[in-house]
Amino acid sequence: MAYINQYNSRLDALNFKNMFGNDFFLTWEKSYDEILATYTVADALRWLRENNISTKIFDSGLGISLFRDNSTRTRFSFGSACNLLGLEVQDLDEGKSQIAHGETVRETANMVSFMADVIGIRDDMYIGKGNTYMREVAASVRDGFNDGNLEQCPTLVNLQCDIDHPTQSMADMNHIIHHFGGIDKLKGKKVAMTWAYSPSYGKPLSVPQGVIGLMTRFGMEVSLAHPEGYEVMPEVEAVARKNALLSGGKFTKTNSMAEAFKDADIVYPKSWAPFAAMEKRTNLYGNNDFDGIKALEKELLAQNANHKDWECTEKLMQSTRDGKALYLHCLPADISGVSCKEGEVAASVFDRYRLPLYKQASHKPYIIAAMIFLSKVKCPQETLARLAERNNPRFFG
Amino acid sequence: MAYINQYNSRLDALNFKNMFGNDFFLTWEKSYDEILATYTVADALRWLRENNISTKIFDSGLGISLFRDNSTRTRFSFGSACNLLGLEVQDLDEGKSQIAHGETVRETANMVSFMADVIGIRDDMYIGKGNTYMREVAASVRDGFNDGNLEQCPTLVNLQCDIDHPTQSMADMNHIIHHFGGIDKLKGKKVAMTWAYSPSYGKPLSVPQGVIGLMTRFGMEVSLAHPEGYEVMPEVEAVARKNALLSGGKFTKTNSMAEAFKDADIVYPKSWAPFAAMEKRTNLYGNNDFDGIKALEKELLAQNANHKDWECTEKLMQSTRDGKALYLHCLPADISGVSCKEGEVAASVFDRYRLPLYKQASHKPYIIAAMIFLSKVKCPQETLARLAERNNPRFFG
Amino acid sequence: MAYINQYNSRLDALNFKNMFGNDFFLTWEKSYDEILATYTVADALRWLRENNISTKIFDSGLGISLFRDNSTRTRFSFGSACNLLGLEVQDLDEGKSQIAHGETVRETANMVSFMADVIGIRDDMYIGKGNTYMREVAASVRDGFNDGNLEQCPTLVNLQCDIDHPTQSMADMNHIIHHFGGIDKLKGKKVAMTWAYSPSYGKPLSVPQGVIGLMTRFGMEVSLAHPEGYEVMPEVEAVARKNALLSGGKFTKTNSMAEAFKDADIVYPKSWAPFAAMEKRTNLYGNNDFDGIKALEKELLAQNANHKDWECTEKLMQSTRDGKALYLHCLPADISGVSCKEGEVAASVFDRYRLPLYKQASHKPYIIAAMIFLSKVKCPQETLARLAERNNPRFFG
């Protein structure tokens, strides 16, 4: 009880009342206070669980998941978050449903939501599609709730779209905060969000975009580095610039991996596909031009192959702050000589950072749970206090 | 507590003691009192949930689902119903199991049921098969229970078979009852259950059959309309005739959509395949005659195409009672110009009824939960009262 | 309460403290006391459930399942066991995950385990692989726990590997104990673990190996019978021999089914593939030699066909103790004239034993639950007593 009050005191200082009843699409739609509230609740839920106190706020209810792309980490994080709060995950497998029959988004969204408290969606493959689809689902269930068809309005949580990957970047950032010992320690730190070579093709842009869109809000210098031709969405760069301005940080761009790594406190080397190519691919799919897609893929792999020197090597790591920047990755990484011949990161670097990498990933379930909690619970401080008081054991051993 | 007594008073007036320990295969195997008890419990469970009172009667236990055909609505309704009562859904995916190894129905049924409280099955593709299969499963687990192999006897809930779709027709009917303000308001109302054109082939007969087999029990006039050659199972027509006689209603047949719609209070225009063709298809599958199936499919699509005028248009709607009959559909509908070029219903009609259509669908989870509840709970009134008294919050917010 | 003390008294006499925090890979890695403790807890959990007392020791938490081979019984047994203890099953479907991306076992194991209390794995297809893989997963999450990345260390339960099938053999053995009225009644009983003909190919060795590795520990005579060339792993035979010596029983081998059945109290006729062939197949797969695999399969089927007389007939059953040995099978069985033309067992024999066969299978969920319970709970007697005292109803009817 005494301890939970420390989280509540932090929450008392923040204005996050707009999170109640709202969805989580993009981090930059949330205020700085709302971002901090999410971290605080994530940490509070973790503290409760680590102290064997149940955080089930739902006695029954469903968490709907819809994955339009493969997922391990995010799937299990969403499942863990729902379970932690008392919701049962029900996966909407489009192959097993009647969606092919031609029903509308609005219809499906309402039909699965009669007892759903949250809907988590991954839809990251096509530019201009994923985020749009999520908003359509969210608007549909909101209408369903307003019309009285749904007894509760399910919260939409973006589990990765074409623009942002908020559960990832929020987890990454909470890892940074914990690693450096608090938000007040971040001012002036340098983050290198850099492209890296991968033998595969078409990795989503949502990770680098999510990172520059979020990490520029903490007064840090965020350096985005990639070979020419690997630009991310201009709109997200604009967000990053504006964020940096407001937070007293910096947002810089370079075509040199070395420059970005120089004196960096945090490095995040990771492959992605050029935005322009992703847009082109989306159009080719739209036209069912499969020959075009094959040609584009070949072209992109060739383009990638010109940049095999974009690898996170020991030498590059040496050039970072005291030679020991915090290495981040959303995983799985393409590890040179391990998962591929030449890849994003040298095996020895990856190995050295395995522990913090897993720690980084461990934040995601709690971030997702906090997003749901803040959307559902009217007075979070009160509910956290009541959970601590209720003191139901998570494990009755 | 005061409010739950209103449901209990209604239950006190009904004889439904045979539902305890029994399965739900066909609505016409249930007495009128049993049908009313199901509605009353469905409404009571809904009232409890809407008032944030947990209806979990199971602390642990499984709900097994087996879908031999695609499903969105019914899958999520079954999942929601199980979750509402405290059961965890475990899907029996025949592809992932060893059923192909040649094990018997009896064996599989027992093997998955050691901790199962309910089994829900959809098996609607083949005439003479689905319902038979369900009864075989139900008999197997009953034997398993009587023999002492199972600690509890799982209730079988028919989630759509070749004959009936009871969770659908029961939800549809509860929607009608709520729409018109009570069962006593239905006497003399006219229901038009009509065929409608669809560019697809082989839609199950269980919806129209379920509707005429149930809605004839409330003193209404049920008019079954379809083009010549689209007959439903004669046995179910016989049920409808007998029901109408007993309830003081009417069951009529016509080959004119206009005649059925004329002055109707409720319209349910929906495509289905002719019973004779479905029987033929079942035999062709039995003989692995895939050329025969293709030929039949072609023939049926051509036959369908002769009846494109069977569409629920604004003009037809105008001819209904005051031009505003309640439009029903089990969804997804084939909407002209939206999900297909020409279909079952005009887009403007469908759009106007979207709200009541979703309301119609919202009854299904509660209907299924009530079916389970009445089969499991010995003294439903007492248990409902105890749930209200226990007053565990569904959401601890 | 009084009754639960009977189980606790039995536990008091046993030393099983090493089970706490440990995994369950092979029965012969567990002491005799630990095996008995597992049976006692399984029976105690069953007694509690049968008396409508909740055994949920987890308020939330996940049970991860990974099936690399088809499964019905074990899948539902694992699901039932998790549900019984309060864990929600989340299936790691490798097809839907990013494992193909090339991530390591260590990584995947940690990524899915942030809120996992147990991981159940079936991996029985390749000699030298399955058990090794499980140990790698278990070591990975143990490291993750020791490193502070995981808040709890998930217990690994072997749901069938290339060596042993402990949840099966433990369930089989508990069935025997109950059938004969206690462990003290088993001394000198004869068990015939015999090969039997099946028209299919490549059935795992883990069942016969599991049986001879476990049943030799109870002072019984275990006779392993198979045609020449159908040898099991020599290491497991060595285990069986040593067990028999220590327990005052016998382990014998014969190439005659009749000899094994003669005066047997228990018979377990079941097909398996020769160990040498399974090893060869594993190597062929390793070399992607699909022609070699086809040739091997053909050869093995031909070899099998030479032994169609290895069928559990009425005549053979007549030769067992008083003509009524207890017939066991892990199911599904190849029943002559039912699931195949010629198979492992005559239809009339199988039919006569259906009831005990289902009873045999019913032990598995409780065995798995006991394995989890004993790994998680520090003071099992105390927790069992507290569950009985808490007296939460499993069904609130």
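The letters A, B and C name the chains in turn, as written, and every chain counts its residues from 1.
Quick note on the criterion: contacts are C-beta pairs under 8 Å (C-beta built on N, C-alpha and C of every residue); 3 or more make two chains touch, one makes a residue touch a chain.
None of these values were measured; they are calculated from a predicted model.
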Angle of rotation relating subunit B to subunit C [CA atoms, steps of 5 degrees]: 120
Copies subunit A and subunit B touch via same or different residues, half shared test: different
Inter-centroid spacing, subunit B versus subunit A (mean Cα positions, whole Å): 41
Touching two or more other chains - residue numbers and ranges from subunit A: 56, 88
Interfacial residue positions of subunit A with respect to subunit C in the complex: 49-50, 54-56, 67, 70-73, 75-77, 79-80, 83-84, 86, 88-89, 200, 331-332, 334, 338-340, 354-355, 358-359, 361-362, 364-365, 392-397
Sites on subunit C touched by subunit A in the complex: 56-62, 88, 90, 92, 96-104, 106-108, 110-112, 114-115, 117, 144, 147-152, 376-378, 383, 386-387, 390
